[in-house]
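Since the structure comes first, as structure tokens, the remarks are kept for the end.
Should a chain be cited, it is by its letter among A, B, C and D, assigned in written order, with residues numbered from 1 in that chain.
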């Protein structure tokens, strides 16, 4: 009798079940404002349909936790495998938006079914350690897709000349009127050897971390200065006004070529009226004091060069962040889902707004830490095979679920990616 | 008082209102088996979403009959204009599948609203001659989109590895078992000067015809022979078995290049198992006696060359068809929506199956008849500007609404188009 | 003893030998102004290097006349086969410009060697009828490549910002200053059944004609009018000034799309200064009275629509031309190799400038005449397999060798082709 | 009087003049085996014609040393500017192969003219410090193009099915027959903080180094092991035999996608016969003991993963190399211009073959060192703007001029680049 089993459920497993339920419910809440049509659409190669996010995250639990082929309807496995060659064939990414079946309704029903199965084996204590690890991974994985669901649907809605909002009821971002911008303050650091990264999970540490955050290791960080706060919309507007998009010597060559080919004149979601930007609440007036976002790394890098500075390395960033509480503008249920003017730093020498609001591009290519090992088995394909041509971002954004990131967290995207909530913080060499 | 007006409604206008209602209701019936997701998707450049077909045909009546901007919601006009430069901007065709708003539900509600308005002005006798012409055009236009709706959704569903059916309840195509194929019979014709085409509508004739079917004109048709019936699935399978897809000398150069680039081994919807083909009822066994369909003109032409014959010219086809009743396997409500073995000819010298079942590729490029004039105004863009690089097809198909085609009807597609219900009938030079 | 053989050489064969020598020498003269670098380059997919033209025309004689594999150096056959699948593999067309070996010098030496062999077998009377046919074909083939050599190298030189001339010593085109343009005169023709085309060569006629010109056959030509002379540079400049390149309703849809995508504002070789055009003599001032050239069919068609006219059919053109002497501005050794103001018509009702100067686009797609048969054997691939998506041009150009064309001659190119010396003559429906 | 000036020429300047003459003469010797056609061709986007290398390197001296516009013929500047936005417009890279003028002969004559001018101002002592810096830069720049000239022409000749050799007289690579391969020996290193990089030239050091090699700086190198010698052809053949090109889990995702799209089964220049490879001496038998080359980084990385190892970081590589003499198989006049079996290490713990033979891919993305500064002025565009998406290679190759590289030298290419002489050396994390 399941009641009996539940009696013996360990506190950790009980807590895990609670968190699993909450996580899965939150994904549904994120999809709730969307019509079946919205959930169907794939607006570009890098994005996926909402429906696919809902189904793929569920497939992950079936494949790696339940490991029960009967739990997945005939023919769906191939459609929902993203990129795990060890898990068999996968449908071409670019064609996800053509899969009208299963319908949204069928996918949601399947989610319920899988949730019931997962909770049953969890609450009956039938998951061994390896499956518990996969379950925790799957929950982190779904949190990542919660953010992608938002960035992908934002892009899809923006493609529509009608400019529909994802949610009409989002709190409008606002700043105290007339607030003077105090200018950026530089925090100076001497050369030092620090430890960065996270202990290997689950072997060396109890706290979850992705394989690519590990091992914790020493690194020599040279003397440098880092800006106390991120770059704002107002500052980026100055860059534009000063001809930033017309000056090739500010840009990396690849970035300049791409910007010319695609005719970039401003960040992706800025309106040509110079005033508005596209948000998950539709077209809204930009807050000059909020961190700029939806830059690609090429734009962030060009801005930094224009400002006589550079992007921070990820070690510099992590060193600064490790002293900060992991708090900020995250994607809570009542959150604006857009960047807002950050709270001031706790003291003059502390960095502000390291977490939430906008991911911060670093100048660090996404590569392995010394001693890096991929996860065993098929999950070894999770992160490691993408270590080419991408760049590290740090700190999370207004679309990241609260609790998902930490100081050692490494996000990564190609330097050309503009559709994420990504901005920058400046750094400088010493001397 | 509208009752009074209705009293004086002419019999022609009354009949028109009845037909309008039936037409619009039929389009909705065609869309009824589809989910909002199905109706959203655009599987390739040449296809459009069902939702877009539903909305665009409605836009046509608003734009050209009501001519009332207030009858179209803010921002929709640009999305629903297909290609009329005279009607303002149009959204890029390739991006139609990204328009998740308006939703299917909103589009259907708008259809009802527009229908009420159109019927009101029609029944109140408030449409002048020009608007009545536009109304009739719009109804023909919607019939064309009824067929495209079917061919486009068939392609979209075929793109899904799950192979879903448009309708599970379609009558299965079937032939009398063991029926022997009698071989093709040739109908010989001497050189003659005939009249083809239709009188200009509405100026010179009461029967509707598109501008490109006119004027009726003399043409010299050389001596030739034409096959009594279309090419069958069984005959096309022989072509394949004989290496048809491996023999470059059977193909037009452009066709061969395309076939190699895309790796063609069989018609678009034939399964590699050699037995099944994809239909609107899902994957089904092929009927060897049914006309082959979903060929592009390159494939039809290669088959004809292999058979020691050629495709007919459109004049040859029309000369043969003009003696036949316009009857056949059309897209009635209870129709199979797939080709079926045709009924035998009425007598030994009469062509069989000229109408319905599968469009028949001709060897005639789609160009103007001598004396061709486009319609006046914006509707002049309807057909004429596409007279480049396309080929004429004749006779209608199992997806064509009954009553839509006639002997002079000219359909046209690029020679590479495979997703229409198109096959061929052979012809030969005399001597 | 070869002297003896030569003694018995028939007058026809002797004449053929003389013409062969002259033809081959002329090709070398055409290549003489070019450096080895010039002769190497392929500036676009549709063009070929001069060196390749020199070698491929030679390969033709080896393959179809000598039919002796030992006469072709190891490995060259595949490089020089253009598109004859019956003659084995061919090197991809787009990569011809990468073949630095054989060198120009080696190719020229090989030409000499092959010429010696061809003349030997010809003069020794060792060619049977089939080979004599192939020899004559090969000579016509080489004349076609003489024109392509000029159009291809013109494009290549135009790609160079230095704007080098093919020949600095070309006579400048010039018109009598201040010559008033008399406006176009229309020649009216009633409906008639005429014979067009050429008797099949060599079976039905002694005069050479390509297979696609045959058979001679009856065609009904409706009543129409045709312009007495081609459209001039001055007239085309008016079209531009009147917004021709900005008015979508003047254009075929495919043409408009292409023009927008590529940003067309004027004919290919016209300078944006409004005065000069690129010629084989370099950048030169345009002659307003010379026929416009280097139009694609889309541009020609748009001009005609703007002028309230249309392009002629090929039957209309041939009917007009058959009364004219085949004379005009051809590519003689001392010719300008550019269009010049034409001589006036011989009388008020005779068409002028039907031959030479600029090819004239018709509105006729390139398809088979009734009763068309390809040549037997591999040469059957010469013309027939290209009957898709192309359009007929008539009359020859200033780059065509004198003697190459005739009233029945059919040239063909895709409607998008701009690098040929092609312009237009207007026509109109009667009434 | 110049004689007087020459009298006072400093020994350094005299030596510089000698080296300049030798350098420029060597470039001509490299081009000497090539026909004007060979020197014209550009076989892919990343490659340039030999003629362009000859001209562009000359342009560099004119632009940055002579700084005299009159020394460059009208119109050439734009054609020869590679990518310096500060130096005005540049012709699109992909179109370099279309520039048939200036001819090779003209370019060579211009080289002589420029050399005379450069030597005159140098020998007359008329170059200030900035120009002397530019002169030295230009000489390093030309050495880089000497290597590219070889790799680019190798690719162009390989594109020709005739497989022509760059030089027929190259010494054949050969190994002692039956030489047993001793297996790789690992050199272990403990964690350490080392200095890598070069002092800034010319400010902080007399020895030339590129800006990207500076500043010399401390870096923490973790404990690791590095292979004593590079990976051989025989070892790479084992990887292939073991299904290396069929096993996605060995590959970075981008590499796997590219390999599938392009159908890779072996290194670029290996013949499918399993025995031969394409060399600058034509098709030759592979030496199993020679270092494998013409790998892209994806292939090198996949091999390393298959071998249970990884690519070294550039710091690991430089630490190993700094103890070695800069000697090896470089592109001397009598060199094989291909990899050869390396000489054994000087002792058991010393790395072997760090210099010459084949560039060694590292796992280090090409980014700035801490404190990096670009050169002042337009030469600041030389290296810095390419710091995105590329990877560092170390050690030089058999196509690198002797004397060009050093332990701190950083070469960089995209991870997909296969046409350079690049192989790999394995490394491992400690423990």
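The definition used in the following text is that contacts are C-beta pairs under 8 Å (C-beta built on N, C-alpha and C of every residue); 3 or more make two chains touch, one makes a residue touch a chain.
Values in this document were obtained by computation on a predicted structure and should not be read as measured data.
Listed here as common contacts of chain C and chain D: no chain. Once the centre of each chain is set as its mean CA position, chain A and chain C turn out to be 60 Å apart. Distance between chain A and chain D, defined via averaged C-alpha coordinates, is recorded as 38 Å. For the pair chain A and chain B, the distance between mean C-alpha positions equals 47 Å.
Touching two or more other chains at once is no residue of chain B. Inter-chain contacts, as defined above, occur between A-B, A-D, B-C, C-D. Interface residues of chain A facing chain D in the complex, by the touch rule stated above, are 83, 85-86, 191, 193, 217-220, 222, 224, 248-249, 251-256, 297-298, 310, 363-365, 367-368, 370-372, 380-381, 385-389, 415, 429-431.
Those residues of chain A lying in contact with chain B across their complex are 35-41, 43, 51, 75-76, 78-79, 91, 95, 97-104, 156-157, 159-162, 164.
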